[in-house]
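These notes open a run of structures that come right after.
Heads up, the next two complexes both have chain A, just with different partners, chain B and then chain C.
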Partner chain A sequence: MGIHLYRIDDRLIHGQVVVGWGQPLNIRFLVLVDDLVASSDWEKELYRMAIPPEMEIYFADVGSAIRDHARYAADPRPGLLITSDIASMHRLVNGVKAIGSVNLGGIHHRAGRAEKLRYIFLTPDEERQLRELEAAGIEVTAQDVPSARAVPLAEVLEGESR
Partner chain B sequence: MNDEVVGGPGKPRAIVVGHGEFAGGLVSAVGQICGLADKLVVLSMMGMTPEDIEGAIREQIARTGARVIFTDLPAGSATLAARRIVKDDPGVVLVSGVNLATLLDFVFNTSVSPTEAARAAAERGKASLIVVGR
Partner chain C sequence: MTAPTSRAVDLPVRVKLAMHFRLLALQGSWNYETLNGTGIGFAMEPALRYLPGGIDGPAYRAALARESRYFNAHPYLAGIGVGALVRAELDGVDPARIERFRTALAGPLGSVGDRLVWASWLPFCSLVAIGVYGAGGSPMGVVGTFLLLYNAGHILLRAWGLRIGLSRGLNVASALGSPVLRQGPQYIGYAAALVAGVALPLALQRVAGPGRGLAGGIIGAALIGILLLARLREHAEGWRIALGVLAIFVLYSVLT
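Showing the complex of A and B:
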């Protein structure tokens, strides 16, 4: 079992994650990797209260997620790991060297970002980091919900799937 | 009664936020059933960041004076945003898991404060979920 989905989503825990992916993948534990959330008891409690009772949630900053990744991967239950931004996932992938694919689930509009898909907006630096992941052999696709088509990174960056 | 009774004719008493067209659909149904849709403000969060959602709710609270937020899903972005607002302003009440029975009870209950009406409406909404058949 272990981690079934590595997702980048700036909303972190929300309906698409807990229900949209959580139900069909039968997710039983979440790993929320975020330096700010991991350092705040209030933030951790906020997200803990949002998940259904059948799921367990772990909080980690990127450094501890790298250290504990082998434990998450060996967990007999199906899990989902999520970061709120590309930079955190980039650091995690580089530190773990055992992640085969990354899902772009939601990176929304902010100043400096350009629209690629309805739910994916990227800065030039974020584009560069995603290209680096792919160059390192990681399969990067955009897919907000399981019923949607997984859009390959090259197509995402061209913005052809809007 | 812990807060002021607000919500005169046409004045919103609560904000309804949800996924997709959920909030608009619910409030539309309230309007169709009893004509009191103007007691509720609809917010859709499609394509919004968590910060956008929180900002939009705060803006509506400031604009309308509403003290109640209804959201659809406990794990949803709107619920998390509303919880941050409640933390900053304990006078605001959040009801997550809203359904039509909840909103109908809420809009009719004008004899108490909106926050008290929200608590009572949540109980009515829970009781409205029934299972028929084997």
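Showing the complex of A and C:
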């Protein structure tokens, strides 16, 4: 089993993750990779409340996620790994060679970001990092929920799917 | 830690009522840039007038701008966020801490709300309404039962959320761990299964009537539906299916 989905979503754990993806993929554990959350007890407590009783959650900063990735991948249960930003996923992918695909689930509006899809807004630097991921052989697609179409990165960057 | 007493708890009842009514309009300004952030700011605004300097003061303007930024939560549980953020603002919590809290709170409110409402409460209410149809209810009875039950649930949830947010402030995580929110979806699911076991046969019996002419067709359609659901799996969303089935029964009861 191991990790079924590597997702970038600035909301981290929310309904689309727990219900939208969690139920059809029968997700049983989540790995939340975020340097700030991993060092904040009150934030971890909040995110623990976000998951249903049947799911387990692990918190990790990027460094420890790279170190522990083999353990997550060997877990007999289906899992989902999530980062809040592209930079964290980029570092993770550079440190773990076993990741084959990345899902863009939600990167929302902020000053300096341009709209690509309704739920994807990117800065030029974030675009560059995504291109680097794809150049490294990672399949990058945007798909907020399983019932939506997976939009390939090239199409996302052109903004044609709006 | 949040102080045991707070100006937020002592807000006049009319202000709390204004916040509650404004929460009903939370989605009115929903957009892809701020999602329901503008609605959050709008719902908090009556309480933010109590910041030092009132509506002409810099504290009010800064707080309103901060709280109207991007936010994404389940609308029925957003009251928890509105209450907790009002308390944090009125207690003078450091804005950087408020921003971080705001970011961390949104996801859990969405996750818990989606599980409780979209994945549990809405299908449950739909099944009860189908049961009313099966028991011989009129079209108005079916729709009325659904609306009454569903709206009672979400209005109570909103009122509880605002109250608990105001009273707990930044310590609201413990409220999200309440058995109703943690275990509620599971037990509502059990209840929905029980209701489905009673309601669907009754409703189908009413559709089929005393003869056996339609029974074969209904069984065939049910089997096809089950196969389609198994095939679609991750592409089928429970709340859409529940509302769709309810709509079919309501339409049928109107047309026959």
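The working rule: the second predicted complex is superposed on the first by the 162 of 162 C-alpha atoms of A that agree within 3 Å, B and C clash if a C-alpha of one lies under 4 Å from a C-alpha of the other, contacts with A are read in each partner's own complex, and residues count from 1 in each chain.
What we mean here is this: contacts are C-beta pairs under 8 Å (C-beta built on N, C-alpha and C of every residue); 3 or more make two chains touch, one makes a residue touch a chain.
On a predicted model such as this, the values are computed, not experimentally measured, just so you know.
With the C-alpha superposition on chain A as described, chain C and chain B clash in the combined arrangement. Of the two partner chains, neither chain B nor chain C is touched by A:76.
When the two structures are aligned on the shared chain, A:11 is found in touch with chain B and with chain C.
Of the two partner chains, neither chain B nor chain C is touched by A:124. By the touch criterion defined above, A:37 reaches chain C but does not reach chain B.
Using the contact criterion defined above for the overlaid structures, shared-chain residue A:24 touches chain C, although it does not reach chain B.
Touched residues of chain A were counted for both chain B and chain C, and C has more of them. In the superposition on chain A, contact is made by A:53 with chain C only, not with chain B. By the touch criterion defined above, A:147 lies against chain C but remains apart from chain B after alignment on the C-alpha atoms of chain A.
In the superposition on chain A, the residues of chain A touched by chain B in one structure and by chain C in the other are 11-15, 17-19, 42, 46-47, 49-52, 108-110, 118-119. By the touch criterion given at the top, residues 32-35, 70, 72, 74, 100, 104-108, 110-115, 118-119, 170, 173, 176-177, 181-183, 185-186, 233-237 of chain C touch chain A in their complex. Within the complex formed with chain A, the chain B residues making contact are 19, 47-50, 52, 73-77, 79-80, 83-84, 87. Residues 10-15, 17-19, 42, 46-47, 49-52, 108-110, 118-119 of chain A touch chain B in their complex.
Looking at the complex, you find that chain A touches chain C at residues 11-21, 23-25, 36-37, 40, 42-43, 45-53, 108-110, 115, 118-119, 146-147.
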